[in-house]
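Should a chain be cited, it is by its letter among A, B and C, assigned in written order, with residues numbered from 1 in that chain.
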Amino acid sequence: MNKLKALFAGESVKISLLSIVLGLLIGAIVMIAGGYNPLLAYQSMLEKIFGNAYDMGEALRAIVPLIFTGLAVAIAFRAGMFNIGVDGQIVMGSLGALMVGNMISMPPIIHAIVAIIAGTLLGGLWGALVGVLKTKRGINEVISCIMLNWTALYLSHMVIKAFMAEEGTSRSQSIQESASIQINWLSGLLDGARIHWGFALAVVALIAYHFYMNRTKWGYEIRAVGNNNHAAKYAGMNVSQVVIRTFFLSGMLGGMVGTFEVLGVFKYMAIASATSGLGFDGIAVALLGMNGALGILLAAALFGSLMYGAQGMSFGANVPGEVIKMVISIIIFFAAAPGMIRWLLNKTKRSKQANREG
Amino acid sequence: MKKSMLLVLSAILLFSFALAGCGSKSGESSSSGSAPEESGGKKLKVGMVTDMGSVNDKSFNQSAWEGLQKLKEDFGYEVKFLEPKNDAEVIPSLNQFVKNKYDLTWATAETLDAAVKQIASENPDAKLGIIDAGVEVPNVASVLFKENEGAFLVGVIAGLMTKSNKIGFVGGMEIPVIKRFEAGFREGIKAVNPDASFKPLYTGQFVRVDMGKSAASTLYNEGVDIIFHASGLTGNGVFNEAKERVARGERVWVIGVDKDQSLEFGDEITLTSMIKKVDEAVYQISKDLADGNFPDGKITYMGLKEKGVDVAPTSSKNVPQDILDKVEQYREQIIEGKIQVPTT
Amino acid sequence: MHNGEIVLELKGITKRFPGIVANDQISLQLRKGEIHALLGENGAGKSTLMNIVFGLYQPDEGIIELNGQPIVMDGPNKAIECGIGMVHQHFKLVPPFTVTENIILGMEPKRGFGTDLKGAASRIAELSKQYGLNVNPEAKIESISIGMQQRVEIMKTLYRGAEIIIFDEPTAVLTPQEITELLQIMKRLVDEGKSILLITHKLKEIMDVADRCTIIRRGKMIETVTVADTNQETLAEKMVGHRVQFKTDKRPANPQDSLLDIANLVVTAENGQRAVDGISLSIRAGEVVGIAGVDGNGQTELIEAITGMRPIESGTIRLEGRDVKHGSPRTASEAGISYIPQDRHKHGLVLDFDVSENAVLKSYYEERFNHKGLLDRQAIEEVAERHVEQFDIRTPGIHTPVRSMSGGNQQKLIIAREIAKEPKLLIAAQPTRGLDVGAIEFVHKQLIAERDKGKAVLLVSFELDEIINVSDRILVMFNGRFVGETTPETTSDQELGLLMAGKHQGGDRG
């Protein structure tokens, strides 16, 4: 209990909370400037998120991938590396799941499990590639990530067109029903919202992440490398191996996103012109969540529902969805530049002092 | 200290809400003041969902939205659009309208077909419409344009107007509908100028102005003097590149798409446009619903004959009359079925 | 004795950080033309106090007066404006820039749209002459010595019109000769009317140059004394709070068989040059071998080669007759080599880890802590508690991040960890760098104790006192080679200083 209290009294938590308030506040000011009604807009947003069973379910559906991408980015952050290749790892995960889900026939449940494993592994290997390039060839992970994102995208186009093209459309054929991970009874209960087993796995992943980072020797190594890789080397850790392993895990988490989107949400893969951007949203989630499991859960819930609720703002108050993107950006901005908030906090403190003295 | 800081902030927040609340009341009443003069049947609520594009794309989606706005002006329909920001939001967006009992929900892209099919099946009482795709479900009206026919005509213009004998095409993604543009355009050129070389280029993107610009730059550098684009917002980049080149004294042209883009980008660079009357289709079919003639379960084909595609009426500014006459001849032949324009 | 007017006065300065009072009602008066030393152990609050003077921190209580006027220092710019300059322990210079460019950085004199480099350079030359700094304005920072770089830092403060100069541990990085020169420069500065605040824990320097000395201990001010009326022993006692011994007690060594044998070792540095150039060395169990030398003469590379952190070009390293040359840090560690690294922040610790996590940095994977990947928290905490107790590590608890601990306590933790491994060979590089008298005494005792337990100890240090005090045998390293071997009984500061500067034993090397 005390631990919990200490957690919320920490300065960084205050900064995160203030960032959120400031984000919504500045968003409101911009809406006023644009002639919109922020009160109505935020109200419509809340209605869109909590208004009915369907929307609540769909908001959950929007949160799940952010939990995974947040974790994927966070685990790399903890090792001192920047994985902006989660988008590509998602694509590879989707592709792996799709290939198993579409091209192979298996009994239900087993089919889904095999498809999940395939997607997760493919995403993991795609991530590990970044780690290998970094440690063996000294290529900066940011650069290889960006390139591999596009490589993954176009590779998926090639594979889909060659093996699973749905005639006359720009997407793949659907997966077989036996590979679906949608939870039909829950979906039915939530008025058709696309709820899938990925949600349960997200909770498992959060707990596993926390446990892995803090209680196992592998997590210990990741944190040591991330905080001070010189000391990690001095202590006899195999830094290269830790880097590759971290990217593999990060890629696996990304791959799971792709897997669940295909098996639980879309059932097919689109020949999209760009990657989903979920991996980049994951950066925001990890940043605001301060790389901790609980923080990531809360940040993913916040951003996921904000993004989903943006449609409500658009529908109810005619506010363009971009405003929500802006609100999120402002939150990230303040969370990433805590100096601004500290300055604000100090300013009030100092003016108080001045009042007292004067 | 920090508590008071939060207090101050929330006070500001509340204050700004209150302020906005007062301000918007007057605004709302004025916006709802445009009462309909005449009625095309009962007042409908019509929604529209784009495909991750924007209703300000100066092209396809904007055209559809203009059709809806015209309905609002003419008959006082309640119209609204949603722009999903990612694939996963498409279904909730459609549902937003359907579950709010909109009389008709348009989906303005081929890529939305699976979502429309699903929503229509789940909500048999709702009516939906889709552009550029055929969805064979009883409560969906589908509209397919014969872009190849219209593209053929601007191909004729390009084939006869080119000086360098090199003609280019910038496409968005390589999907069937864009392929129809390319095929029609290619055949139109071939029909009047078999010697001209034809260079198609796909950017893979509908929303990347920068990529449109670099694609256009590549083609113009290869000696192409006329580019036809079918790439949504990406095409704005094609126009930007042409504008710069014309300003430098190069004589290059762009052929616009979907709308009469000379109105947007000017006659100095817009040779002509192949218009796709999405607004017409949306307007007409929405009105049909009010009149009780909704073509549900059917695919409406809009070609030259149905006046769903055409050459922009402003073309005479840049295109000589003899060429326009030629275009008319070909139009006749296509309508009569003497020429079958391929789709790929 | 100087009796100049008071230029800077601190009155009742108090600064609290979460869980600690760093400065508790500290008062201090700096007179014009005096060198005023601020003496205290690491973590006593010296740096906090100076950061308050320099405007980097705001005091919670108390006031700063400049020439009798109260003033709010709200940032370094304000401090500079007030004529206060600071020479930091870690230089803030841009290596590829010239001296002039570094000095004017941030306040470039404008001429038209360009920078008036010439004018600046001539002014720098002028200042250099006035204060006897002997700085070449055209030289690039990367090509001049550490001592010279420090003078550039001094010049920077003078160029910005400083009347009060704060020196933060200025001799930590210098050779004995450079220290002598620096102290002369400081005297020259006060002769020219400047006032100096000297932060240090080196008693010798205080005795040499300071007029008065303010001692603080654990955030509290103890006393301001006139240096002429006191001596090192008294100062040390006031600083530490109890009597200190300067000379480490040790019995004569009782060396056994040779433990570490290095033959013709060649090691390359990052820049591709031979940092260790064919060295041979053997250390016996039960002796302390000290390697003296100025930083950058291959000591680091030598140690890194022995500990498996750096590949070797040629030669052999044998521990108890077994070759360890292809080792990794882990195999070296498992072979029985412990290593107290020179840079404890870079190599020795993960600063954001807590005490317990740092305590097992090298052994976390061993079976006693690691059950199939799962770390045994209880076992780890027990070890950490034991270290804290046995080595008197002062920390609020074993779950305190080591970043918030003082340098001395951080070093104690490293030593505890390395000694607890029961090594055969203990390597200590600059083990007392930045530590205060009390902590130094402790470290030296530990090294001797290990020797007496029959281990081989290799000590690398840039501090002659330390080398002479602890070693049984002394090697002097210069340019990747050993240029002399001697014993503490038969050598002097003088001789070692000359050897370190590359002069051969018994005369110049032509």
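FYI, a contact is a pair of C-beta atoms (placed from the backbone, for glycine too) under 8 Å apart; a residue touches a chain by one contact, two chains touch by 3 or more.
Keep in mind that what you see is a predicted model, and the values were worked out from it rather than measured.
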So what shape is it, when you link every pair of chains that touch: line, ring, star, complete or other?
line
Measuring from CA centroids, which chain ends up nearest the centre of the complete protein set?
A
With chain centres taken as the means of their Cα atoms, state the distance from chain A to chain B in Å.
33
How many Å are there between the centre of chain A and the centre of chain C, using C-alpha atoms for each centre?
45
Based only on mean CA positions, could you tell me how far chain B sits from chain C in angstrom?
71
Chain A contacts chain B in the complex at 14, 18, 21-22, 24-25, 28-29, 31-32, 35-40, 42, 48, 52, 54-55, 58, 61-62, 168-171, 192, 194, 261, 265-266, 268, 270-274, 276-278, 307-308, 310-312, 314-315, 318, 320-321, 325, 344-345, 348-349, 352
Touching residues of chain B toward chain A in the complex: what are they?
1-2, 4-6, 8-10, 12-13, 16-21, 23-24, 27, 80, 82-89, 91-93, 95-96, 99-100, 110-111, 113-114, 122, 172-173, 175-176, 204-208
Write out the stretch or stretches of chain A touching chain C in their complex.
215-218, 220, 223-224, 227-228, 230-238, 350
Quick one: which bits of chain C touch chain A in the complex? Just the residue numbers, please.
58, 307, 309, 328-330, 332-333, 339, 341, 346-353, 357, 361-362, 364-365, 369-370, 373-375, 377
